[in-house]
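Have a look at this one before I ask anything.
Chains: A, B, C and D, in written order; residue numbering restarts at 1 for each.
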């Protein structure tokens, strides 16, 4: 699918986040270099996000080891700004038990989309972006997405090792710990759940 | 996950099939060498197969291009032999519109499990086996399986190219056409459905 | 909904059944007089029956007390006659654990619809018929049906007592026991599961 | 189920509502006398309410004619008071397209359950109360509830006409219009969707 003359996929510029929840420290895209990243952008009052997008992000978080893949949420508000506050988001996260780090996208112009939402050219919520180990955008999807298709993409990207031209492998080692509770492992004997392995 | 001292995964011996449905010609495992294979073993009167296993095999068939992955079904009867006949299976396939090739596992001892079921050491139905491009068993799973986890394994195996020690790449070219109607493609711009690409 | 000039709903003529499964003795419509009846007609190789119709009939069977409502299945074959035999049906019932009585509709002309299917004017499978306590057809529905809507109709019909002109209340007492394992009861304190009460 | 010595079910006292949404005028329980009532109490940040309770209330609203049954929602906040405001609730209703009237339960003691929640003795959200045409509590259920079971109860209560001792039938005529878009009708010929009939 990649032809010799294809331009390389764009490297995603960093997000602009005004607050972080579910993580002891702010997270930069650079700090995730070396791992595959699923960035799930949502609004807490978006029905499709609540019904499909966020549960899928949570499942991804459970199914892959944190050493290989990081799931990050981004609250990209473009409507109902007055009520989708950080405080409301915190209650929402608490009630739904989302376990991955969630950033609050910095506000844009009053009443308009938030800053990273504009920077990334998102069409709406939910939107999912998948980055490879070098931070290049491999998927930019608006709306619902099939688990099988997303799983295949993530599995494919995880199996591509970090290239030497992109720095040594130690990047992941120093990354902030972005982990979910458990990872599922599939090998010859079947599938099992295990933390930190794949 | 693979350590230097791990034994190599076993290469699956060929199946023993008494009849083929949904394909113009019999299929051997050798003819699929060069592609990843999902072998779904089932019984037409097994509720878990009808509710979960077979629909998942069909989704896999739709989600991956035939040039990279082959889905094959195997009817492994170990109970109710008198009524799970080839003729009954044909009606079942017709009504449920399964689109992948399905082999009828050769009968074993009267009243017992079918021959390939015994040969592969299957514990029951549904059982799924995933083979890499060299025909080595990478997953042997009994029961229900998560789409995300299965997708990740298939994506990972597809991304590993056929090694030179396993013969040249022409094997896939001459393989019987084992294809479903459509494949879903995910790249930078999002996911789309397309035949024969990935 | 019933206006003074509406003709009375038709009383359903009896079925013509060649064999009964899941019941110690044949069941006639007359023997069910005094109870509301859900008659679910299906084919074992009909995907919609397996996915929606039969599970709904089973849920109805569990949700209502046998003293008020009887669920009866009818295997109305109109295709694949050679493989949808009584023996195959018996294996199917065993594997899916259907708990209500199921009659095998008597064969019609070779290759055509079964006899009761023609007599009742069924358009296909799944079809559901609901009869009131006097055996009059209150619903004749082809295809999928909403649980809430079906529940409302059954609740409404159950609440209408058997009229004196239709014989005394002893009819139900002598009816063959057509029961499922448990019934769910709803009253002021909430819903609970209980056998034989409502 | 009702024995001669059973005490009559309690008549529900009126709610204490500080604001109404989705209705042109406030609604009192008295104004609904003559119709069956489903009162669905919820919180907008309660996952079970969003996933099960509110969609079920909406389905009930669609399945029954407004002349027979009224669906009323009540936002009973007992946690996260600062963010579950009327303004937030308005955005929530807009995004999820709930079509039935929703009252905001009057605040109780600071940080505690709202007033009607305490008055009705609700254990949490979602809780559903079903009232008969005389306003008597026929169901008080906390948590998820089966559609078939709820439908049966509603159908049963709807079929019981308003007694003469409870006032003439004109009560419903003067009731505020509490209606959803469409009602589903089941009769001999099958089920169909229709506004205002049953």
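Here is the rule we go by: a residue touches a chain if its C-beta (ideal position, glycine included) is under 8 Å from a C-beta of that chain, and two chains touch if they have at least 3 such contacts.
None of these values were measured; they are calculated from a predicted model.
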- Moving only to chains each one touches, count the minimum steps from chain A until you reach chain C. 2
- Among all the other chains, which ones are in touch with both chain B and chain C? none
- Farthest chain from chain A, comparing Cα centres? C
- Quick one: report the Å distance separating chain C from chain D, using the average Cα coordinate of each chain. 31
- Rounded Å distance between chain B and chain D, as computed from the means of their C-alpha atoms: 50
- Query: If you average the CA atoms of chain A and of chain D, how many Å lie between those two points?
  - Reply: 40
- Of all residues in chain D, the ones touching two or more other chains: none
- Message: So with touch defined the way it is at the top, what topology do the chains form here? Options are line, ring, star, complete, other.
- Response: ring
- Message: Going by the touch definition at the top, which pairs of chains touch each other?
- Response: A-B, A-D, B-C, C-D
- Flag every residue of chain D that touches chain A in the complex, lowest number first. 45-47, 50-51, 79-80, 82-85, 87-88, 91-92, 95-96
- Item | Residue ranges of chain D touching chain C (in the complex, touch as defined) | 1, 9-10, 56, 59-60, 63-64, 137-142, 145-160, 184-191, 197-198
